[in-house]
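Each structure below appears as structure tokens.
You will see two complexes here that share chain A, one where it goes with chain B and one where it goes with chain C.
Entry: the complex of A and B
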């Protein structure tokens, strides 16, 4: 098997970063995330962090993204430039959970009617180097959400071997191209792959989507939502939450229209100019988030919109726990 | 860089010019927009378009009529963007993108009697279907229009309502206002109650309604009482929207997006969705 020796990882990332933007799990201050690799002084790879504080969704949908520039003068107005992302990108070290999230985003942005061209521009030339995940964390439940953590569907799969470096398995033609670029530093070696530890947390979601279809008006939502403060942190750290707002920034006559992450936890999200708001209260917004994750996305795209990364469980300031919620939703009686 | 005049990016507007503005009521104006090459795109009755005033903002509006050489939008002043739109004058350049949504089922309704029930600015989307029926008069049976607003001043499209539409063969127009006022000798009362008074027959009829959510809810109850089945009742919904292409997330009802799968639903379709509108 090909192996990237531990002392060559930095060199490999530099080689790849010479031809593409490379995003790798790094720590910056208190926050970890998939950050652009520049080989700067603070760029220490954090391959073992579970899970990175921020998910990798910003690589395909930046937190704020310019869409187009315009000039508006008196009665005249014109679009002067459509901003399109260009160039190849590589995600390095992504885990199966976040990769499945990326595939869910693909369904949302690229299927069912329209293709989102801004998303497509960032997505089409993206190569994925994913790591097999042998040691799940205390809040991880990816397997329950159908994630194959040991064989992620990527261009290259890496296996972290500690001091021996990374076992390196190209899986696709794109992955073989990337591998060819590292010809000089990959070595062929017999190595034993790590033993996979069991998941510490499991939940059974069989039949949940169908059951939820009859639970919209169930009183259990009052109880489940009571602890939620609608702060929205779960939606920001969620690798599959993709809702966005479109806003404008201008200085004098010139400006640009951009989109940015939004959250269904906020009242303004559905507040209409005339005053009507179909999700005016906390319970309604809370219910929307969980039904979107566990029922609506399934009905529309045939996939879960939760991939079991556990970030929302860890980050929630008031201990709202999606696993407890799923279990309670399964327990309650529904009138036929 | 993509060609700015011929780009196909569904989130980027094309520029249109406002060629005429009509004051319908104290807070509703109709804007006629077009380009040098004619209408920016073809629209079916009930479809939506995103109208933007750079740099203020962007909002989704129902196209209230597609004329041969321009599109019409009847817009009520309710928020930041619409305040700004109400300030503009003819000659102003606006951005527009669309069309979005499914529109009214104009073909499925052929051969039917049509009953339109509107309240306030809710007549704007219905008007596109009403005028479509008039333009294809032989395809539709009897046309009944019931419209109400808070006061006489708040009635939109007065010329059509009182002069033009009642002249159309086999078309009846009923108008009501919420409270009595001097000089008004027409009907006074809310739309759902007037509907029950008129008591139209459901036989071979399709009812199409749009208005404030509270009016729609009572109109739907009244229609059910009169014997209209869920397949005979059509409504068009509104919801806050940003993208128009089913991506930004906010306009969903259950797993359907109003901007893509709607805004037009039959009551039968609506009853399968969560009551969250």
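Entry: the complex of A and C
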């Protein structure tokens, strides 16, 4: 098997970064995320933590993304530039959970007869170097959400071997191209892959989507939402939450339109022009988040919009726990 | 704190059984020993869910505005900081005193469940602290307002609240600018600091207004700083120092540093004043008060 020695990982990332934008799991002060690799001081490559606090979704949908520039004079308006961001990108070290999240984003942005050109520009040349996940954490439940954490569907799969470096398995033609660029530093070697630890947390969501279809008005939402304080942490650390808002920035006659992450937890998210807000209170907003994750997306795309990474559980300031919520939703009686 | 839970359940049970209150805002255990989480109890049969232990860090007063347009009486557990939050809500006319039955908790300081969750999660190598950051400088461990109280009176620690503020004040303007840019550039605008704040109780928040939109939604240094400056200025003189904003921040911005600068200035220029420690008329925040003899001419 090909192995990338531990002391060559930086060099490998530098080589790849010469030809593409490379995003790797980095710790930068109090933040960790899939940050663009510049080999800069202060950034620490984090292959020894389970995952990053911030998800990798910004690689294909940045939190703030310019769309087009315009000049508006009187009643005339002219688009002067459409800003799409093509170019090769590589995501390094992503785990099966976050990779499945990326596939969920693909469903939302690229299927059902509509292709989002801004998303597509960033997505089409994205190569994935995914990491087989042998040691899940206590908040991980990706297997229950259908993730194959040991065999992620990627261009290259890496296996972190500790001091020995990374076992390196190209899986696709794109993966072989990337591997060819590292020919000088990859070595052939017999190595034993790590033993996979069992995932302790399990939750069965069979039939939950169908059950939820009859639970929109169920009183349990009052109880479930009572702990939530309606901030947007869960939606912003979620690798699959993809809602965005389109806004404009004007200076005189010139301006630009941009889109930015938005959150169903915010009251303004559903504020309508006439003053009405269909999700006036937190119960409605809270319910929307969980129904989108567990029902609506399944109905539309036949896939889960929760991939079991556990970030929302880890980051919620008020200890809202999606596992507890799923279990309670399964328990309650629904009147026929 | 081993006897707090039994006492808490006893009090809550009595209040629900005799109809004094319709609901109790307290804490219950989560799925790990180091997780206690906010809980709403409406039935006396459920009081055994309640717990008061060293992980009950959340300021439950933050959840009270959810019930502002209703009429039921609410029992709420309140540590020292939380009780100051309740004073805030009463003074801000969010919640009338007579709708609340306040069960005070003399608080020895809490541990932060989120620090423990993050340490256990594998996403962080940091070790959780024995005492949460927000409790380190606490000057009001005992509730300032309550109907009854649990636990022994606690002594506040040495007042070192402004040590970090003094450091920032001693920086040059350029150094300060760099410091602010560095801290705020990582803000993801999740508004957890706003929503965790008991002083942020406006029905419509300025950041949710669209006509006009006061602060742009793009995440960039300018709008992030504008957001944070407006947020902290809005709670100037009203912040009760519960530290929930900083605890809730997912990217570790030292929000209490900015709040404490304003606490220090309000105390110095308009005080002496400490927010949320009394319901007396003259305890209204200086910047929320109208006086015909105000020394500023424009008043």
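For this structure, a couple of remarks:
Here is the rule we use: the second predicted complex is superposed on the first by the 334 of 336 C-alpha atoms of A that agree within 3 Å, B and C clash if a C-alpha of one lies under 4 Å from a C-alpha of the other, contacts with A are read in each partner's own complex, and residues count from 1 in each chain.
Here is the rule we use: contacts are C-beta pairs under 8 Å (C-beta built on N, C-alpha and C of every residue); 3 or more make two chains touch, one makes a residue touch a chain.
Nothing here was measured: the structure is a model prediction, and the numbers come from that model.
Placing chain B and chain C on a common chain A by superposition gives a fit, with no clash between them. With both structures placed on the common chain, the touch criterion links A:245 to chain B and to chain C.
In the superposed model, A:292 lies in contact with chain B only, and not with chain C. In the superposition on chain A, A:226 makes contact with chain C only, not with chain B. Judged by the touch definition given at the top, the superposed model places A:51 against chain C, while chain B stays out of reach.
By the touch criterion stated above, A:271 is placed in contact with chain B and with chain C alike. When the shared chain is aligned, chain B comes close enough to touch A:77, but chain C does not. Residue contacts after overlaying the shared chain place A:113 against chain B, while chain C stays out of touching range. After superposing both complexes on chain A, the closest C-alpha pair between chain B and chain C lies 5 Å apart.
Shared interface residues of chain A, touching chain B in one complex and chain C in the other, are 245, 262, 271.
Residues of chain A that touch chain B in their complex: 67-68, 70, 72, 75-82, 84, 108-109, 112-114, 116-119, 216-217, 242-246, 248, 250, 255, 257, 259, 262, 264, 269-276, 278-279, 284, 288, 291-292, 295-297, 299-300.
Interface of chain C with chain A (complex): residues 30-32, 35-40, 58, 62-63, 66, 113-114, 117-118, 120-125, 186, 188-192, 194-196, 204-205, 207-210, 213, 216-220, 244, 247-248, 250-252.
Taken in their complex, chain B has these residues touching chain A: 1-2, 4, 7-13, 15, 53-59, 76, 78-82, 88-89, 91-95, 212-213, 238-240, 242-243, 245-250, 252-255, 260, 274-277. Chain A contributes residues 29-32, 48-54, 63-64, 135, 137-139, 223, 226-227, 229-233, 235-237, 245, 247, 249, 258, 260, 262-263, 266-268, 271, 281-282, 310, 313-315, 317-321, 323-324 to its touches with chain C in the complex.
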